[in-house]
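Have a look at the structure below before the remarks.
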Amino acid sequence: MKNWNVRLKAGVAILAVFLILGFVFPLFHPGNPIDWSAYPKNLKPSAAHWFGTTNLGQDTFWLLAKSIQNSFIIGILVAFFATVIGALLGLLAGFKGGFVDRLITLFTDSFIVIPSLPILILLGTLLKGRASLLYIALILIVFNWPWPARQLRAMALSLRERDFIHTALFSGMSTFSIIVKEIFPFVAGWSLANFVNTILVAIGSESGLAVIGMSSNEKATLGTMIYWANQHQAMLAGRWWWIGSPVIAIALIFIALFLTMTGYQQYSALRRGK
Amino acid sequence: MRRNRGIVCWLLAVVLLLSACTKTGGDAQPAAGGAGTGTKPAETGQPASGSGGGKMTDVGTPRSQTLIVDILSGRSADPDRMNPYVPGAVPMDSGLHQLIYSNLWEIDTVKGKQIPDLAATMPEPLDNTNTKFRFKLQEGLAWSDGVEFTADDVVYTSDMLLKTKELGYSGYYSSLVKSMKAIDKTTIEVETVQPETRLAQKLGVVIWGTAFRVMPKHIWEKEDPTKFKFTDPVGVGPYKLSKRDPQGNWFLYEKRQDWQKSDIGKLVGEPGPQYILFKYFGPEEKRIMAAISHEMDILQDITPESWDVLRQKNTFAKAWYENFPYADMNDPCERGMSLNAAKAPYDNPDVRWALTLLTDIKNVSMATFGGMLRASPIELPPISVLQDNYHKPMTPWLKDFQLSDGYKPFDDSYAKDMVDMLKQQGVKGLPTDAKEMTDTFGVGWYKYDPAEAAKLLQKAGFKKQGDKWLKPDGTPWKLTINAPANFEVQSMRLAFAVADSWRKNGIDVNVQQMDAATFWDAESTGNFEVGSYWPACGLLPDSTSNFQGWHKKYIVPVGQQAPGNRNRWASDRVSSLIDELNGLKSDDPKVIQNITEINKEFVKGMPFIPMFGTSKFVPVDTYYWSGFQTSKNEFEGPWWWWSQFKYYTPHYKPTGK
Amino acid sequence: MLRLHNVSARYNMLGSYVNAVDRVDFEVRKSEIFGIAGESGCGKSTLLKVMYDLIQYPLEISEGSVEIHAAGKDGKPVVYRHGDIHRSWWKVISYVPQGAMHVMNPVARVKSQFFDAISKYHEKKSAKQLEAEIAGYLRELELPPEVLQAFPHQLSGGMRQRVLIALATFLHPDIVLADEPTTALDVVVQRGILTMLAKVQKKMKNSMVIVSHDMGVHYQITHRMGIMYAGQMIEIGPTEQIFESPQHPYTKMLIGALPKVGDNSQKEGIPGTPPSLKNPPPGCRFAARCPVATDLCRAVEPARVAVGHEHMASCHLLEPIAAERRAHHG
Amino acid sequence: MDFYKFLLSRILTFVLVVFIGITAVFFVPRFLPSDPVEAMIGQLTSKSAFMDPKAIETMRTTLNESFGLQGSLLQQYFGFFKRVLITHDFGPSLANYPAPVGELIGRALPWTMGLLLTSTIISWAIGNVVGLLAGFRKEKAYSKLLEAISIALYPIPYYIFALVLIMVFAYIVPIFPLSSTFQGDGFTWERIKSLVVGSTLPALSMILVGTGWWVISMKTLSAGIAEEDYVHFARLKGLKERKIMSRYVLPNAALPQVTMLALQLGTIFNGALVTEILFGYPGVGTLIYTGILQADYNLIMGTITISILAVAGATFVVDFLYPFLDPRVRYK
């Protein structure tokens, strides 16, 4: 902690605030924050309603807290699985080469060339039953793993040429442990960036789907909050507390993740003594 | 070479700009393209400096002579396609059927009756079989390319529809009309397949428009009607298409020089605007911004929140009413919850009634449209004409109406309660006397009574576990409401509001937003439990045609396309009442009696929980144009996306700004 | 030529310090090959950085100074001190980096990397002329001129090393620093590189500093050498003398570990590891691994004493010998 | 010889990738709960309240015939390939019948390509420069400022960002028109002017929001490259930092970014939708969207096939170019 740089400190601090907001605060709220007409509508921020109330009679603060929770869950689920699956397959392909590489590349490329948004909309339409958040997360994972896979395959290809990998190979290490121990440290920086970005992509895609009515608009997420605020012209009507809070929350979460990521990179570079 | 061209362009631009600056100082001619002179809009660029003085639109017409109208259905993918008969969507409401195409019979929504348009008379039966009719056409009308309009055009259109099976409308038309022939230039005789008592309603306009649009024979006979694009549409209406955006965002119409020979010129008078620009500005936010900055004169279908913004930022903007509820409430389809009577447990009227009583209608109204809604307890929309004919006369019956256990569900204090509730929220200009309240908020609705609903549910075998309901089979009661995704805002919001109300009472409700194709498909094939559909329409006191579909003969199993009766609710009494209605003339006093009886059956069975009439926020900007219809100047309803738009145009006058 | 006055250098590691070079004091004379030996992690490379004035955060010089005495353009002597030695880079002092594989830009041709370093000293010459000169010089060093057009990965390890040496010596600098020039090369190539370095030095009559953990390299090519241990230079002297009569126990062990002709016994490395430079132990830093260490060694740091002609070492056990010698000579 | 083997295997991959992609896209919409014909009938009958069952049957047959939807799924599938490969035709659009899909796409594609290709490449370039500065010259104030701006803009949901741009530049300070009207035809001054005026805001919005990811990616890459020995050695050569950045860090860090750019072309089709809706800009995005909403199979297949071909083509080209950009990679 003592030696953390400003970026790392700021990033972790903001993240902590959001995590507390999303995962601790909702525990203290008795009702369901998405219930309509629970409070008088369109109140400006005050002591009783920190972020005011919405045109639907919800308390914006509690709604935001719950939304942050759900969006975080989607974002982290998607980013984690997409990055891990992508990294493993990409590195495996790049390092193993040959038939394995061909197969994985073919698979990755086929996924990459399919434009994701139309398919997301299509799949959204396919959902006849309940568009659960988990399902949306699953679809987003399906569309987000090929990116890191392709990128990391390229990185593995050039890493493969390096001496130390040859050394590791001749010393009889297994492919998997070479990937994990020798190659991964070199691509960890990029993977972290991808992880952070995928969190944002996931939150963003969900809100994109929400805007066209394809997410589950009855669940509180940052995306659906924007959707409802837009539906009720919060921006033109000057209800900034409603439209502003999810937008600023998304921006801050991302900035916090970014600061944490770059701060950590600086910190670990220093620790390695470079 | 190319370099020189660039320089020339630059010089030209500079010269034009200079000339524009000097001219404005001199004697500006604001009415350069006055009525009838037919000045073409500036052919080449530089619209801002084209014809001296006055603001110009971005399509190069003087703003003071251009009426700008919102396009309800948005951008056209193929703006060259104007053939109304090929299946699929033609940008009909981007001015095409409002200003160019004309129909045999139009509708006067204020009086609630049909009026002749291209036809001069209503169809007269030739014998008592009700299968042979004769009507006359207007004389002295001409197509916008100058060719005379005659009975041949009508007959040609009819023959084409009967012959060309590929046309989407052909199937329906063939089931209706056996043949049509011209007796002379202005007389037509029709023979129908079945006995018809309401031919004018089926071939003319009742709501919005009609599928039977008369096409010019002299153009169409040379084309293959299944392939013909009709890129330069020709009609009998008072305007012609002058320019269009290749991207389909706008269509510019110009008044015909021979407008006297158009249907409006003959029947009403000279249209006011020289140009009418139908334009799509984009999503609601942008349309509002355009209206605030006086770039759009007529807005279509916005949300109450947007109207609030517009009202506060543009003092020239006017809605139907001066004060609350602002919106026009005379839209001919009411909104509510459609229940699928073919699916358990919604096949049980007690369950349907329980859901009705679990609906906190006042909160639903607030959440849906901020309380700017008129409630309807019956199967007909609460528009003025129908309120007088049905809602009000039926109120005593509704008050006495009892459920099977003797419970009286009706509550006539809805209007008064809404006024009180809105007053508390600081809304001004609310109605004060009882009649005014009823006219605004409706005759009343059903009580919000979870206790009685619980009784009904328990009777139907439901059990309450904690605060959740279990279905008779012991599983939790989960329910999906189908709702439109991003069209029909009111229905969509209503679904969420009702879901909120039901959810608070222990039902696990999920709202499924669906795009148009899936949404309609689910309704017609019966793949829904509850849907925010609108199967209750009506405009004329004789709403027989609107009830046709509820006949039990149209019920098909779930999974199949239903020709009608999508709720799959079988009522012998309703069916026999419909059969009886089909044999009656439209003006027979028994018609209203029968329809009232049908409505009583609907209240008892509740296959569709009627809730609200549709509130349309269709504001106008009185900055450049005056004479718009409002509640104070009600020569027509504000139906700018209907084919009767052309009837409004003679009332509109420039303000001179 | 190159003079280090009692130089200490340390890494500023997030508030704590790693003293990688501790009070090192020696000079590199004209026309000699000076060797720096020691295990890895003993501060050899840092010392090289200090000599080359490559002082960048987190490395800093905490005491002492580095000086280079050279002849200026007009023949007058010029002195460069640390902090501005970089102005003399490539012309006066040049550097052959460690790890020839990674020090070349993988996506640029050898030629352009050559040009990057030297073109500013040959502004008057045209690129073509300069290229011809370089090609000629490479031929002298037994490198085909085609390597200029090649990408680094297309060259063998030995060729890359030659290219780097060529780069470092092309401008005839007074001093050439070479960091582990033969590491990671096979024995035959090693010999070739060393021969080449010696040849170049002989021809140019400049000074050369060779840093290597391999005592064999020093034996083959250096004239004088210093032994580094835990940041300190614990013995310095003519290479021949050091190999003949190593004085410091550490030096003895290093030399003892070398294979000798006719000796087939199994050679063992020196047991144990060097101490952490973060918190070096008091007393002699080698004490923990020294087979003959006394309590004095563990408590008091030994001073540097002369143990022969131009031969000095730091060890408590040598002090009496040195004193005796002084008396004897005196 | 190696090259031809490489070429052959790349072509094979290209064909396979396109084939797998198209097959997936062919079958997914056919599992949609809606059927375009039924939906169309449903909509028509809901307007006129009821229709004779016989009339519906006639209508269904005629519509199925004109839409090419008869036969089993498999027959339709082979029919699709036959039509596309032999007659190079995607058939008529169902929602805009009888306009051929090819014509609709042909009309929309140049717009999408023009705007999105330009703005994607511009944001790629800007993002790489800013990311390079942020990763390699992180101590400079201007690097920090540029990085801060692009990182702060990036996470704002595009819809909101574009709307704010419109509000600011077309409503509060009306520099640009609220809706873009593209005037004139061909290569005239009028047309160019209206193109520039109409495309500036949409392009600006895409560039500003699009830069962020390139900044992040490039920053990480260049920070990693800055640690490489050859960069340190370049410093020892006495090279100026700016030169090290442009000659040593940039070419190495940009390599992965080139691949990424090719792949990013696919998202062009995604990004187009909101831009088109908000700015009233013509293009493929709305075409795809309405195609899906109206279950217009032919249109969906047409647009997505084009998109698949474009992205697969771009990756194909990048695979070929890569050995030129990175001498370490050989054709194999």
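For clarity, chains are labelled A, B, C and D in written order, and residue numbers in each chain start from 1.
Keep in mind that, in the parts below, a residue touches a chain if its C-beta (ideal position, glycine included) is under 8 Å from a C-beta of that chain, and two chains touch if they have at least 3 such contacts.
Not measured: the values here are computed from a predicted model.
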| item | value |
| --- | --- |
| Centre-most chain, if every chain is reduced to its averaged C-alpha atoms | D |
| Centroid comparison with subunit B (C-alpha atoms), farthest chain | C |
| Leading chain pair when contacts are tallied as C-beta pairs | B-D |
| Approximate Å spacing (C-alpha centroids) for the pair subunit C, subunit D | 56 |
| For subunit B paired with subunit C, centre-to-centre distance based on mean C-alpha positions, whole Å | 90 |
| Rounded Å distance, subunit A centre to subunit C centre (Cα mean) | 50 |
| Interchain centroid distance [CA atoms averaged], subunit A/subunit D, Å | 21 |
| Numbers and ranges of subunit C residues touching at least 2 other chains | 153 |
| Residues of subunit D engaged with two or more neighbouring chains | 32-34, 163, 167, 255, 292, 326, 328 |
| Contacts with two or more other chains, residues of subunit A listed in rising order | 125, 128, 161, 212, 230, 235 |
| Contact set on subunit A toward subunit B in their complex | 35-37, 40-41, 55-57, 125, 127-131, 212-214, 216-218, 230-237 |
| Residues on subunit A engaged by subunit D in the complex (per definition of touch) | 102, 105-106, 109-110, 112-119, 121-123, 125-126, 128, 147, 150-151, 154-155, 157-158, 161, 186, 189-190, 192-193, 196-197, 200, 204, 207-208, 211-212, 223, 226, 230, 235, 243, 247, 250-251, 253-255, 258, 262, 265, 269, 274 |
| Subunit C contact footprint on subunit D (complex, rising order) | 228-230, 232-239, 243, 247-248, 251-252, 255, 325-328 |
| Subunit B to subunit A touching residues, read off their complex | 284-285, 288-289, 303, 305-306, 308-309, 363, 366-367, 370, 425, 480, 485-486, 489, 492-493, 496-497, 499-500, 503-504, 510-515, 518, 527 |
| Residue ranges of subunit C in contact with subunit D within the complex | 52, 54, 86, 89-90, 95, 97, 99, 102-108, 112, 116-117, 120, 151, 153-154 |
